[in-house]
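Next come the structures, one after another.
First chain A sits with chain B, and in the next complex the same chain sits with chain C.
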Partner chain A sequence: MFKRTDDKITTSQAAIVLTNSMLGAGILTLPRDLVKAVQTPDAWVSVVLGGVVVFMVIMIMVKLSQQFPGKTVFQYSKRIVGNLPGGVLSSLLILYFIVVAGFEIRVLAEVTLFFLLEGTPIWAIVMPFIWVGTYLVYGGINSIARVFQIVFPISIFILIICFILSSRIFDIHHLRPFMSEGLMPVIRGMKSGILIFTGCEVVMTMTAFMEHPQEAVKGMMVGFCIPLVLYLVTVVMVIGGLSINSVITSTWPTIDLVRSLEISGFFFERFEFPLLVIWLMQMFCNFCSFFFNASLGISQVFNLKIHPVMFALMPVIFICTMIPQRINDVFRLGDSIGYMGVLIFMLLPLLLSIVLLIRKKGLKQNV
Partner chain B sequence: MFRQRVIHLLIIFMILLTQPGCWSSKEIEDLSVITGLALEKGEPKTLEREFEERGGSYPKHNKLTATVQIVPERTIGSSGKEGEKTKTHFYNISETGDSLFEIFRQFSIRKNRQIIGHHLKVIVISEDLVQKEKIRQLMDFVLRDNDIRPSCLIFLSQGRASDTLMTAEEEIPSFRLVEMVRNNFRTSKVMKGITLSNLDALMYSEQSFVLQNVIEAQGEVKFSGAGIIKGETGHWIGNLDQNDVESIAWIKGDIRGGSLKAYSQSNDSVTYEMKSVKSKITLKETDDKKISFHVAIESTGRLIENWDVDAHSSEVDYFEELEKIFEEKLTQQINALINKMQSTYKVDVAGFGDWLSVERPHVWKQIKDHWDEEFTRIPVTFDLKLKITDFGTTSD
Partner chain C sequence: MWSKIVSYIPDWTVFMQAAITLLFPIGLYYLYKHLYFYVGSGRSKESGANSQDEHKKADNDGVNQQQAASTVFTQDYDADLAVIRTALGGNSDVHFREFSVKGIQARAALVYVEGMQDEELINQQVLQNLMFAGEMQASEGIYTYMKQNMLPLAQLSDARDLDHLQESVLFGYTALIVEGMREMLLVGFPHGAVRAITEPTSEALLRGPRIGFTEVLSENTSMLRRQGLNKNLEMKMVEVGSEIKKSLVIAYMKNIVNPDLLKEVNERISKIDMDFILESGYVEQLIEDDYLSPFQQTQNTERPDRVIASLLEGRIAILLDGTPFALIVPVTFSMLLQSPEDYYERWFPGTLLRVLRFCAAFLALLAPALYISFISFHPGLIPTQLAISIIEARQGVPFPALIEVLILEISIEILREAGIRLPKPIGPAMGIVGGLIIGDAAVQAGIVSPFLVIVVAVTAISSFSIPMYSAGITLRILRFAGMLFAAVLGMYGTILFFLLICSHLTRLSSFGVPYITPISPFRVSDWKDLFIRAPLSIMKRRPEMLKTQKKNRKS
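== the complex of A and B ==
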């Protein structure tokens, strides 16, 4: 049987893996979170500002990872800060990945249950996704990247189509007045603006898998700019189409935008169904990315074979998915994931880079 | 090899089980698709009263009567009545209660087929109901429901709302209402359709707004002006007539077509057809912090009808004379609206508040909580310029 020995991905694949790790369920609720925090139509400025901050974070991650070619954060953290602290930091990251994977599946299930498959039990949606996800993740990073390459253009195409169609109800007045209350509301929205980019942590593992790690900066930049632009377009279109008053009261504003128009005589009259169905694939990719990174982390930190780890993770993710009881719990979990993401960033790339700098430059140690 | 084959067979079997995708599927024949919903003050209809007399009741207050329009009516067997009646393609069914969702589920103990709201196109609410209950309360269920789409249109009705979902002709009344909104480009007496998502934003902003008013007579319906919903209370407070609705469109500069009729000096009808309308609102602030609005409206159009057959209806001098008459007529019409808004109802529904919130957000922030009251004290002046640019295919 043919077996790949070099499980590497190209630069463009790395970019798409990063994009798909960020673009997930967030896009469905993102306008509401932002508008709730900002309270003015300037919410999109927060996305730009948040994007700038996250961009710098990603650059730090890439630079850090490039110091240890072929090594993931789970491996090099041990070398920088020592075995035990490195293990603890890695475990935090692993925990984070597992929770995000579970959350992603849960949101996917919530949306599907509410809009598409009313009456289907939740486990019947969650379980096949975890199974199929395991099958994909089992194939390694290369198979994952290939699936992402196939799914990505399709899902983006449908999303763009939906936005083009919703330009019928777009009203530029809904985006005005611009900066009426100065920068303060935009700063308040920065938190949400940063939280939407959770998932960028995969940079610290992706770089290790790249065929040409020296091109990591370029690849990750592209991979980051795609979700940034899409988020920006989403926020602008949703606010422009629905106005902030309607976005605040809407549970799933992006879906509501598409639900607010009917195009009679077109191929589809209603676009929320194609959007949801296709976006399920996107959320699936998102989930697989976190699933893979979690199992990779466990296998590298605890020196286990990766395949049994994946199977062992299946029930763990399932439990994570089923823990939130109410939809409020789901959204609250989403918020805490954001905070966890910030904490992880503070602890991992920042701490590691500082320690590395001190040891290399200050103590002239060979790490 | 054998083990592998067993695993393969198992997988194939599992895939077969999941692939048909029949889980919780519903056959369309077993569903009642509702296309219209009418809400009015709770008055049980005769059929309902009869049910109740026989004990078919449950604990409730008769706050509202909901009528849903189901299409198409099942066409099996004809009631053996004499004479061919015009076939109706729809079926209206009413229930009274105090929770819309409960009422919807009550239909299930009266009918075999479940009703689904995916194709709900219009909601008509009678004014006397909105006078008693807040519009936000009435709309709560339809905003929450996952079937009902935010693209559904909302109307008010002067009489019983369920009557507007009746017709004497072979058509589906709820579709008729939706299609009538498209006539907005023929006359601006037809307002732009307010969808559920528009309404959601309007209700959240707590500013007053208008909804198109529908009246019914002998199975026919007509758009007749608009009903005003007061923002602070969410109750209906009064009606504007057709001309007022048109005046709102003039002030907003949002006219895609329509006519303006006046009487010439010889008291003959002359009619102007709008080709384009532009309006510009400006705010004037005096030294003692008093503000006033000034609206400049410019329009070009055509002299489309002139009963004054003796006049030289293609000469510029005559046009200028007519322009004056039209401007005067329009000024009267718009002033009538301003008067109604500022004195009679004390609300702003012509978009002055929206304009202020966009152009002068700082001023707006201070007064938005009592904007309607503030608006009644702000003078509004107009400057109208109508220009007749052509006279159609006949001169003289």
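== the complex of A and C ==
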């Protein structure tokens, strides 16, 4: 067929969707959260450890999804644990997606208000963002994946330039001593280390859309490693550039890092502007991914058409965005999203795979 | 616990805003749906079927009578001639030349329109032969005998019925009616006024063939054929237009083109329902995928070399009689920023020019928007020295940046439009008067700042550097939208505008080919011909996006 009628994505697209779903708010907030929890320069170890944990969970999710080709988690959870429990688990996941989507927009709005549009009412920032996002999501997974493919190289390019430039003020002494207080601080930071990878739940739906589901492991591995490396470099660069004491006191340490370098004779003297631009686009991708998954979930769990669900979700997400009253509420919400994320990890992939395993074993014994 | 939850429930204003968040897009959605349906209903035969049926019923009686009276030729020479006379006699420029064929002792008549017949050909090849030929024995019948022995003409065809005869005569054919012969022959070929082949004005090149299409379809197709020896170049003729019929040619390489694509193109062209197709722009608008998109989904060109190159990539060309513009489908966004010269020059300059054009397209789209957002929202983001000098220059300007930009942008657009309409000798002078004097005077008068004049001038020049004129127009339209976004939300608005354009482009496709492939969907091998123009020896394969039959360019 010349015209594609099925809405499938290639393996590389799936990898990019996963990357763009994870790489978002974390770039700006991660270093502070992490350093606050760890209190020692070993924060980057937490990222690695968190990455390992999340990586294993992703593998479980992929393997689980591969058992049900063409089915998303919203569909196969019903098959594994029955209609009602499956529906409840799926609803939990949907709620999680909606809350995260609202949180992402709120962080975006806060940063925009702080750096770009002082004094603008917050709704004026949130509303057009939701509208543009809806326009993209309305086009289905293929359009989303394609926009991600456009945004991703731009983001990577700018990020790498930022890292290269900030290496000028990088001081390895800020990262020492290594493991001075043992492993405990690192373990304490694990929660933040896992939180930054929120968004990896999309694996459970993305696998269903893949043209070649058998390549899911490879694709998801690549899709996961890119943000892992980027986050790791971010943390190392920020701590190395600013030292942990100033990281804790700053609200958006990554921007402060980039602000502290000045490149004279260039069109932008400070690099925070391009960083903000790509970060905004990255947040857009993030939001669209969650928005799409939430509406997909609702339409599949409750047997509704997906397009009206998207419209109906717009005000819900808007209200979600407006609920936190102060920026501290936003950060608290971020923390609870982290806990919720861990809960979802435990509940969905682990519980579902255990139940599935028991069922299969049981069937074999029966035979 | 409960009171804490209550304290987090937002005010009613937030709920109102949420309602707006919902209602505004729903309103837009329905508006779009209705517009889409409204515009779409007049496009093709299928969707317009309902309204057509009514017309048909009304016309039916009249049509039936006419058809019954006209279709069949009797073999009676006088009766036939009388019928033709009544049918065509209303035109004072139709001539009947009656004579007798010496060889078979029969009367005959030539019917032609004055000024459209090939006088010399008719005199020498038809009249002379028929009037002076010696006795003959018509054993196989007059028709075959005449066709085989008496008319030394390469182009000779029959008229099926009176309707066809009437149309052909009025189009410029010369009809030959012979007593005792059932068939009517069309002997002379139409010979209207034609234009000489000139260099294409809309796509001038420094290096490359200077030949451009003309208004005559047969000349255009012959230009394609003359590109070289090949047996796979196929051209299918289709008739379009219900009131005035025109021929349209679909050209493709039989062994390269994807058959599904060909089927799709044929289908869409057969659905065209319009009384007269004046220009290939009509065809373009009636077969494109998304007719509410600002982006064009077919490429129009005057250059035979461009057409043949596209055919070899696996695309399909549509040529229409009466216009020098051929259409190429499917088209991708990057094609609109390419010029044939990229391939004729060596690959370094080709690559440089391409990258330059992408930058130009970016500037043409976003430069004024960036100016507005930097000046009125984020002067802190540009180097301090520059910001200070811009602000100093803007000191006396009484308008906000948006109005300032709009004043200059709109006057530039007017100037450009005026420049096209003006006769050639005045055009450049007008450009100088408009560009230099108005720009300078506006700065002197304190309406705009000198920095803005630079921005607007760069924008205008950038949009001229795009090789496709119609793609330039698209960017001009979108530039104004971008300016509005920037005026409302500054840099944030500009980013949203960019994302909106990206979202739109990814949803767009031209005949099933995604509009911005190979950027996304990502096709590595097609990147050789995107930002860089790889050396010819490396471009061994045809574009992957077109799913051609023959993948390799080399034997």
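The criterion applied here is as follows: the second predicted complex is superposed on the first by the 357 of 367 C-alpha atoms of A that agree within 3 Å, B and C clash if a C-alpha of one lies under 4 Å from a C-alpha of the other, contacts with A are read in each partner's own complex, and residues count from 1 in each chain.
We take it that a contact is a pair of C-beta atoms (placed from the backbone, for glycine too) under 8 Å apart; a residue touches a chain by one contact, two chains touch by 3 or more.
Not measured: the values here are computed from a predicted model.
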First (chain B), second (chain C), both or neither touched by A:I323 = second
Query = Is A:P177 contacted by the first partner chain B, the second partner chain C, both or neither?
reply = first
Ask   = Of the partners chain B and chain C, which touch A:G119 in the superposed model: first, second, both, neither?
value = first
Task = Classify the contacts of A:F224 with the two partner chains as first (chain B alone), second (chain C alone), both, or neither.
result = neither
Ask   = Which holds for A:F97: it touches chain B only (first), chain C only (second), both, or neither?
value = neither
Query = Looking at chain A, does chain C or chain B touch more of its residues?
reply = C
Message = Let me test your reading of the model: by the given contact rule, A:V147 touches which partner, first (chain B), second (chain C), both or neither?
response = second
Message = On the A-aligned overlay, A:M127 touches which partner chain: chain B = first, chain C = second, or both, or neither?
response = second
Note = Note: overlapping chain A surface for chain B and chain C spans 117, 120, 124, 128, 270
Ask   = Which positions of chain C touch chain A when the two form their complex?
value = 8-10, 14-15, 17-22, 24-26, 29, 258, 260-261, 264, 377-378, 381-384, 489-493, 495-496, 498-500, 502-504, 506-507, 511-512, 514, 516, 519-522, 547
Key: Residue ranges of chain B in contact with chain A within the complex   = 18, 23-24, 143, 146, 149-151, 195-198, 200-202, 204-205, 354, 357-359, 361-362
Ask   = Where on chain A does chain C make contact in their complex?
value = 1-4, 10, 12-13, 112, 116-117, 120, 123-132, 134-136, 139, 142-143, 145-147, 149-151, 266-270, 273, 276-277, 280-281, 284, 311-312, 314-316, 318-319, 322-325, 329
Inquiry  = Which residues of chain A touch chain B once you look at their complex with the stated criterion?
reply    = 114-115, 117-120, 124, 128, 173, 176-177, 180-181, 242-246, 248-250, 256, 259-262, 270
